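Input: structures, listed below.
Note that subunit A is present in both complexes that follow, paired respectively with subunit B and with subunit C.
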Partner chain A sequence: MRERMKNILHILSRDSAPPKEVIVAFFEDESSFLKAAREAKGIKDLDAITPYPVHGLEQILNIKRSWIPWVTFIFGLIGLSAGLALTYYTSVVSWPLIIGGKPFFSLPAFIPVMFECTVLFSALASVAALFYACDLPRVNPPILDKDLTSHKFALYCPAEQNSETEVRQIFEQLGVEKVLTGSF
Partner chain B sequence: MNSPHKEKQSSLILGNKTLKQITEDISVLTEKIPGVRYLLTLAGAKTLFIFYLIVMGTIVVVGMGLMAVNHPVGWGVDIINLVFWIGIGHAGTLISAILFLFRQKWRTSIARTAEAMTVFAVMTAALFPLLHTGRPWLAYWLLPYPNQRGSLWVNFRSPLLWDVFAISTYATVSIVFWYVGMVPDLATLRDRATNKVRKFIYGILSLGWRGTARHWSHYEMTYMILAAISTPLVLSVHSVISFDFAVASLPGWHTTIFPPYFVAGAIFSGFGMVVTLMCLVRVFVPQFKDYITINHMEAMNKIIMVTGMLVGYAYLSELFIAWYSGSPYEQFAFKNRITGPYAWSYWIMMSCNVIIPQLFWFKKFRRSIPVMFVVSILVNVGMWFERYVIVVTSLHRDFLPANWGSFNMTFYDFGALIGSFGMFLTLFLLYMRTLPAISIAEVKPTAVHKE
Partner chain C sequence: MMSKNEESINIKQSPFIRKLSIVFMFLGVLTLLGSFLLEDSQKTAASYLVPFVYFLFLSLGALFFLSVQYVTGAVWSVNLRRMMESMTAYLPLSVLLLVPLVYYGQYLYEWFHPSHVENDPILMGKTAYLNVPFFLIRLAVFFAGWLFFYKKFIKLSHSQDKDGQLQWMEKLTRYSVGFLLFFALSFSFLSVDLLMSLDAHWFSTIFGVYTFAGAFQSALAGMILLTIYMIPRSKGRITKDHLHDLGKFLMGITLFWAYIAFSQYMLIWYANLPEETTFFIPRSKEPWMWVSIALIVFKFAVPFICLLPRWVKRNYVAVSVMSILILIMQYVDIYWLVYPSVSEEVLRWDLLDLGFFIGFLGLFLYSIFKFFSKYPALPLKDPMEQKSTDHHVTY
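Right after this comes the complex of A and B.
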């Protein structure tokens, strides 16, 4: 039973990507973290873990603008068409009825439903896209340090693409005390 | 230029908190065993909730005849309560979405709880139209699904059906918005968890959030999109609710001012409820006083005053248009509201919504917890009576004097009204102790600026 549950959870979750070995540097406050992020040059695929969104980090780490708005836009259009299709099919094609002397295709009266469908589709699709982009949901996510969701900050890079001694050197030059390896 | 700005930001959170303290202050509420005071309050709310279930159950089993609805007042307390509770929900979305788009940093301390209020208020509200149908077990007939009656579809030209779409979309998007905002904080709770059960529950709820810079980038974008989507959505919901009235040709209902008037009223009553709840939160959870400061309360009181005046303007313009239209039916409807058999409800509405909030012109009252607590409750009394005035006084005197009648609330009407607070408060109290009641990740950046 337990095994079966685990299997189901595995299929549902996105644990297919196994954790990678990473080299991590920890920081106790935002300013020293940001300073190090800015000055750490020459590390490949540098990423950060922060307890809250730190402003300016995207430029420092060269993170591209999120593609999620495109999903919102496309699904908004799909929702709009779905709302129109639903009202049109039911009121004009499937069983046309004259109600209140209005034409079968009374578009102004259909606008609220079309609007709500647009909103619903685009909102849910955006969140689905967020889940996809952030590897959610994930059972047993690798956690490097429990305090990273509370008050600590970290810079990390994959150990495969970087040489550990070099990375350690860079971080030590920046005055980082704690550099560890872990799987993330 | 720079320094007053900084000073303003630091006044958002008192007590020079470190990031760790912020996490601690907010999470501890979900971690320690609740005290006697909380349990007694919860027991009270639950008792009221059970009473509500009994009242609702009796109405469902025995029938709608138990409530006061009758000819000609075919819309009664169920519809009044629906509009009332949906309206309360609107402040949560306003705080979490519209103030977010306007970059109002003070919203961070109250956004989570206001949004929880939205979700619970919409849940409370959504039961009333179902009850009002008299046969809630056939509620699925409201949905356009292929059926064996032809298919006989729902009528998309009816505002009542727009309501089905508007309210269900609003409920869904509000819950999603609330939940997405909570995921990083749930991860904080997961990482702080010391026992297996907590770790398991918050582990599931946090969906495996890790908070890398790339994740945050997508996350912030999604949050902004949801805020941008929720903004027109929230305006549409109460507009659609107002169409239920405005599309009908009854004097007192048939006015084009209804959508903005309803939206302003909704925000007004919602802020009233937020202030009521926040006053209570400040009393029950002393450490939150550093987050939900008097400055926050004052800002909300200003919004109450502004929206109160918007509502007052709508009342007056209704009167003006009734006179200016020259329509005898319209003029009679409003004269009847002011001087007729239900004039008392009109004057309760006027004094609670238009006159009493004027107290907030004075800074002393805007910043006094007892004053704002009383005013915020009166605002909601007034807003309930606004819906009472709209529904009852318009219906009980329509075009034909032969149709005239009266509306007398029964025990079950009062039970449904009072009991609904039991449902709302039970949900709210459970939320306060199980989920992070202030957005941890959103509050932190506003605290960091001081360093």
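Right after this comes the complex of A and C.
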């Protein structure tokens, strides 16, 4: 039963893509990690794993802004129009009723619905986009080191684009003790 | 690091601003004296009320923001503390300006005259609250309370400059909680007294929140302008990241203002009760309708959409333009609250309004720069000072 559940989850999740081979350097504290990230020039596609958001890291690693806010914005606009369409169709086209002597098309009465639809659409779309961007949900993701979610930091780069000896040399010059290869 | 913290930054009052503010104040006094020659006292009174409320709200909004920072234990805003304090330095001076306001009350408020009230059953029912002695007592209590908290905030915050003890912070937090409770009530009642009772028959239970939203919005816009002035002078301790967060606040409160304004409008529009619609009827007719539309467009839609992108909040020119727009629209908003209740038919804005506004502006600028010449422009020994300097806004 358990195996079967696991199989179903595997099919649902996006684990089918094989994990990439990576070279990883581990750090025990934030300052040495940031120092290494700043000085590790010449490594292609350098990325990081941290247990919590580290301020300034996105500039150091040249990470671009997320595209999720655009999804939020566009779905907000869609939600706004959907709210207008819903209220217009129900109270003007499909079932017009005179309420309080107001005209059928009374925008002030529609605005709360339009506002709520904007919030609902943009919020749900943002969560969905986040799941898509982060490859969620994932069962049995590759784990480089369990401590990376509690107190350790890691810098990693894909093994394909970089030569392992060079990367090891750069990290060793920076005084990193633990450099491993793994799949992630 | 200690030596860096102790190094104080004093903003020398630039002689130009000093002279300008004194000239402005002089023009204001001239307007006040000249207004006694005019016959239309009601117009004079309304012209005086609008800037009085505008600048009082501006500095109360800053005092509110200051106490919120203490209550929430905010770290990012520590280096901005003196700017909020400087904007509240106007409060003690505004007490003097109450004298003409109380004098002008007779031309503005129907309930100042017992003979008017006697023949009006609705106003008779409100006399327990709307009467001159109680009005004066309320004003005295409100201003005494605000001045008490203002003095405490300034004194404790500067005691910390001397020894850097944490106990001052703890005291400030406690006073801030007290102030927020006092502010919530006093600000709502002040709005009722000064603005809502212009049309004494009308009432709206959300009115205090509406004026609060405008006050907070304009205080943030003022703070953003001050921050931009301070960034190059702060030796790297106030940065674009602080400006960015203030911009986010401004955008959020702009939405909040629109939300409250619409909530007030929609409920009155929907229920359509004659005693409530009296407020919106003159404001939905020409010429006031254009002012109402301008408020929706320029106090909400334009700043909200323009403040959405990240780069706008980090661009000095763009964010100043938005702040100035909001400061102008806050004036229009108070004008829109006052004038249709005083004289319904015509839209009037003349030299009298300009003169009073300039006079108040002069006093406000004078008090800000007086404050900066008296106190260091940044907190010196706050334990969170370094953290605030390192404040960084992620994408």
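Going forward, the second predicted complex is superposed on the first by the 178 of 184 C-alpha atoms of A that agree within 3 Å, B and C clash if a C-alpha of one lies under 4 Å from a C-alpha of the other, contacts with A are read in each partner's own complex, and residues count from 1 in each chain.
Here is the rule we use: contacts are C-beta pairs under 8 Å (C-beta built on N, C-alpha and C of every residue); 3 or more make two chains touch, one makes a residue touch a chain.
All of these numbers come straight from a predicted model, not from anything done at the bench.
Colleague: Return fit or clash for subunit B versus subunit C, each positioned on subunit A through the superposition.
Modeller: clash
Colleague: Kindly classify A:E116 by the partners it touches after superposition: subunit B alone (first), subunit C alone (second), both, or neither?
Modeller: After superposing on A, A:E116 lies in contact with subunit B but is clear of subunit C.
Colleague: When both complexes are superposed, which of subunit B and subunit C contacts more residues belonging to subunit A?
Modeller: With both complexes superposed on chain A, more residues of subunit A are touched by B.
Colleague: Who does A:L174 touch here: subunit B (first), subunit C (second), both, or neither?
Modeller: After superposing on A, A:L174 lies clear of both subunit B and subunit C.
Colleague: With both complexes overlaid on chain A, does A:G56 touch subunit B (first), subunit C (second), both or neither?
Modeller: Touch partner of A:G56: subunit C, not subunit B.
Colleague: I'd like to know which partner A:I78 touches here: subunit B for first, subunit C for second, both or neither.
Modeller: In the superposition, A:I78 contacts neither subunit B nor subunit C.
Colleague: State whether A:L130 touches subunit B only (first), subunit C only (second), both chains, or neither.
Modeller: Only subunit B is touched by A:L130; subunit C is not.
Colleague: In the superposed arrangement, what residues of subunit A touch both subunit B and subunit C?
Modeller: Overlap of subunit B and subunit C footprints on subunit A: residues 53, 55, 58, 65-66, 100, 102, 109, 112.
Colleague: Touching residues of subunit C toward subunit A in the complex: what are they?
Modeller: Touch residues, subunit C against subunit A: 262, 265-266, 269-270, 272, 308, 310, 390, 392, 394-395.
Colleague: Once bound in the complex, which stretches of subunit B touch subunit A?
Modeller: For subunit B paired with subunit A, touching residues are 18-20, 23, 144, 150-159, 161-162, 165-166, 169, 172-173, 176-177, 180, 183-184, 187-188, 190-192, 203, 207-222, 225-226, 229-230, 232-233, 236, 240, 243, 440-442, 444-445, 448, 451.
Colleague: So in the complex, the part of subunit A that touches subunit B is made up of which residues?
Modeller: Of all residues in subunit A, those touching subunit B are 13, 29-31, 47-55, 57-58, 61, 63, 65-66, 68-69, 72, 86-87, 90-91, 94-95, 97, 99-100, 102, 106, 109-110, 112-113, 115-117, 119-120, 122-124, 126-127, 129-131, 133-143, 146-151, 184.
Colleague: Under the definition above, what is the set of subunit A residues touching subunit C in their complex?
Modeller: Interface residues on subunit A, with respect to subunit C: 53, 55-56, 58, 65-66, 73, 100-102, 108-109, 111-112.
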